[in-house]
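Before anything else, here is the set of structures, which you'll find just below.
Each of the two complexes below includes chain A, the first together with chain B, the second together with chain C.
Coming up: the complex of A and B.
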């Protein structure tokens, strides 16, 4: 769907409404719109949201119509795209990136009859729900494998933007890696982008040159995987999507964002008229975060312990942030046995003790 | 902070690779400007080359054919610029800027169905004997072939400009096109050839990004490399030798910035990304010897 056609049809719909014609026979179809931050071909974050969209089509067949606009910049332009979608008759709109938060709030206020769902945000309204996944639970499993697998004890981390979501992932994987390998050291490079293969590849190369033999990424493209493959002897993890085309090596496992069941549930709720706003944050236990197949490049005992950790987090027996834990500056954060509350996690703006470097402001 | 983590050998080696795309684009633009034409469309020709190269390489499975396709794509786009500025006498600055915008859009359109696809591998070559020299070997002699092709083109351009009759004519056209015309040289033909060469080189530079550096296709992936190439030409005072120095200096900035971050030095990214342009301005002020070709950017009309 090109933005141009969207605009044109949006304008046409508005014109029809103005002339007082009966609104284009409200056909029984439920229209579901998606705003994507990258191209659906990114092989990561947006790809996975699009899989969710396709699952909705598969589930409801003729009863739904989905539409999407890809590579929508985070910022004022998103308002225009969302408004177009609402004017085009969407009943439910998913805005799938943190940076759309204020724009979604703004547009939701203008269209009280349209339901909005914003991914990874924290502002809601009567017709605006938020949903997110506890990716940090998956990060802990990655950190566990990374801590076991590294020979140089240097783990490289490609960060996107210094926001709580990303910092949480760094902390979670660091703690899990440190638990199995006390000598482990994290090197963090901020790419300041969600999706820019050139920059991501560059960052991965630099980290490898500085001794990292494990690369963790919080950016969406497969470029770091390609860079690791070219260097050889470096392992990576799929981000957001399985990235199985790089298995079994360098990609040894992955965090998969499984949005499909949620999208199907919410679409059904709109159809039934039972949709209500909420703030959900689901993890491994709920099935929203999945750990991709751990490949044979990982020794069997490490694979077994990683899977045990995954299951224990899923069952709620283990929390990745369990005290005693200090913040980077040495001040106490969690006491012995205490686990982090969701409020602190959602606003996390500090490194835990042991990570070097400063969070850029 | 841990500066010892930065391995100088690997830093210099990756600097050579990082400099190659801008070196290729800049040497093409240098020839164009020595012929008296200012083509600001380098960015557009680079990105068009990047997508053309990627399409051809994935279709044929051969990176070499990909580079050939990239050179053709870049050259075709530059011919459009040549037609507009040399035959229809349009303003070179405005046409060049338009070419950049056009190239960015065109490449995004052409690359629609190539997102997220892998390019065929383009392995490094390990030059026997030379590649085994300690320190120098890993820095200079263990790269992919295009690094050496780029340096070869620079050497060829130096030889052509300074040691051949053709080069002399090209420089004459660039210095004073009326005089060159009066002597019976074909100003327009010379310039069209130079523009085509510039387009082909920019295309190669773009393809180096999409086929070797990343290697993937994404919209806008050149991310300003074409503008840096333009700055380097001025920085180098239109001399091929200094161009290599400039490309390594400017290419090094990107690599250094990420290395510093990974080593834990908090240098704001913005300072380093503006440093190439600051250096260019400084060089323009300091080096009065670096005089631009006399007819640079001026429209030539034989009837005048």
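Coming up: the complex of A and C.
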């Protein structure tokens, strides 16, 4: 019976003549498509999204069918891959990189019956939701540990692209490091890539040569961990995934993007017919951002205070951006006790006071 | 014992048969690879090479072949002139980027004016940008004897940095909330390179690619310049006696390939891609080198090779989502094409003989 209604609604949608595209293949299984920007074996960003996909399969078993295409360039190829999936009857499509934003909007407009979910973007539609994680909350915990652990007081940061997402992470970790170690200094290298082991290793080596004994990264490969391990006496943090193979040293903790619960929730919503568009930004409290096991390389009291910070952020008691705070140029940003609003954070294009260097533009 | 005898003339038969044999070998070895990955090799090969053309959704895939193939053909046709004359422009990727940047700059600077002259002006700017970028290695080679392979290749990385700087800085969409990437040119009617007939994938870049193929065919077959290009490649000394100026040849070949690559970039940025973004370039400039050789540096061959290469991209994507094939396997398949072509090319220039081992 259920199936028949599905068929009927599919036929009805087709009868409405939606931009001339033919009826979508409908069957009992809910089809969920994923578009990945990197290879599923990157050990970071895409790896975690794929873990989320596998969790959906695990949760719903025979009732779902997932499909994915990896290493899809952020351009016309993404339009083609998304359209292809929609034609093959996907009910829900997750596009897991910021660069798919306009493409997702374009394809979503052509397939009003298919639900789309775009990661980290800001454009939505009745059948297009956006979701992102407050990684900056995790960055604060990293910064806290980094500030305690550094002996040289130089912390290296491998930036991917100078976009709000990355700048937010730099500011958040800097403020947390500065709070526990006023002498701390950040050195930032821009790799202009999300995933390029060779470039990332090179960036890590440059930072180590400049005296950094802690490396934070906003790129997805484990190459910086390998570089730190080769050097010895340098600590790193897993990015996007746990990167536990480098624990306990050099990887002392990590930020884990935990997409699985969200993917399961949204798939269930499509099955139940309760799916609605939204824009969500979830953090440690919601479980979308997790802090990986803090290893024994970190002294017990630092570990305890880092975990306390994590729990306090998760509970909403601490906000990583709490005034008084000035921008890099000395102008006032947040007054005493004031916390940053989401709009400013989402478009963040300035360093906070104390960070040296300019944001490339 | 196998002996290779150099042929006095490259074999005509093998020069046609080699690309076909290379494709067949690629399918065979690719099939073994897919089998090793636990997939049904026949199904994978069929999905990659036939599904884009003849399947339930072929009406959607076929136009995509044009979109994917047009820049490859346009760039490869330009490169083929230089490659025939022994001038190695490896930096088409950079010229493609600069062409897109220059063309997009014109469009973005004139936003939101609406006049029909904007798009033609952008095409000129795109071609000019690619030409200038190719002139750098060209002039350096002519004036200082530098190696055009190295210089043009290195300029690709310069172009990529310039692209990132533009997407993050001067060309950033003022309404984009601080995120990188320009305005979407495809949504700006005067600058958009849209489909000429809806649903066919036919945009101005496809038209330009076809014109380039015809133009190249005529020039190579009928024009004195085509003769000089072939002569310069096959017999440089004879070419010099025949009055071919090597410096002029370098500048024309580099300029031509640069201008075509620049145009390809412009058509892409104003149409399918729409935006100047950090990751705008996806390797067309490099893949076009494979296309040029796979097509025997012949315009018609390049057209066919471009179509085949586009097929592997589209079919590769289908194979990934339908059969769960990893993306790297598709790249491997594409790389194998060139590899086998170069290997099989031995047959074009050498005769294989099975000689009995002579007793001394």
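In the analysis below, the second predicted complex is superposed on the first by the 336 of 361 C-alpha atoms of A that agree within 3 Å, B and C clash if a C-alpha of one lies under 4 Å from a C-alpha of the other, contacts with A are read in each partner's own complex, and residues count from 1 in each chain.
Quick note on the criterion: a residue touches a chain if its C-beta (ideal position, glycine included) is under 8 Å from a C-beta of that chain, and two chains touch if they have at least 3 such contacts.
On a predicted model such as this, the values are computed, not experimentally measured, just so you know.
The superposed arrangement places chain B and chain C in clashing positions on chain A. By the document's definition of touching, of the two partners only chain B reaches A:207; chain C does not. Of the two partner chains, neither chain B nor chain C is touched by A:299.
When the two structures are aligned on the shared chain, A:39 is found in touch with chain B and with chain C.
Of the two partner chains placed by the overlay, only chain B lies in contact with A:187; chain C stays clear of it. Shared-chain residue A:316: touches no atom of chain B or chain C.
Looking at the shared chain after the overlay, A:112 reaches neither chain B nor chain C.
By the touch criterion defined above, A:226 reaches chain B but does not reach chain C. Shared-chain residue A:195: touches chain B; no touch with chain C.
Once chain A of one complex is fitted onto chain A of the other, the partner contacts of A:98 are limited to chain C, with no touch recorded for chain B. With the shared chain A as the reference for superposition, chain C clashes with chain B in the stretch 77-85, and the other listed options (5-13, 59-67, 77-85 or 149-157) are free of clashes. Common to the chain B and chain C interfaces on chain A are residues 39, 71, 192, 360. Across the complex, chain B meets chain A through its residues 2, 5-7, 10-11, 14, 18, 115-118, 209, 213-216, 218-219, 221, 223, 254-255, 258-259, 261-264, 266, 269. Across the complex, chain A meets chain C through its residues 20, 33, 39-40, 67-77, 79-81, 83-85, 87-88, 98-99, 102, 122, 161-164, 192, 346-349, 360-361. Interface residues of chain A, counted against chain B in their complex, comprise 39, 41-43, 47, 71, 156, 187-190, 192, 195-199, 201-203, 205-207, 209-211, 221-223, 226, 245, 356-358, 360.
The residues of chain C lying in touch with chain A in their complex are 57, 60-61, 64, 67, 161, 164-165, 168-169, 172, 177-181, 184, 199, 268, 272-275, 277-280, 282, 313-314, 317-318, 320-322, 324, 326-328.
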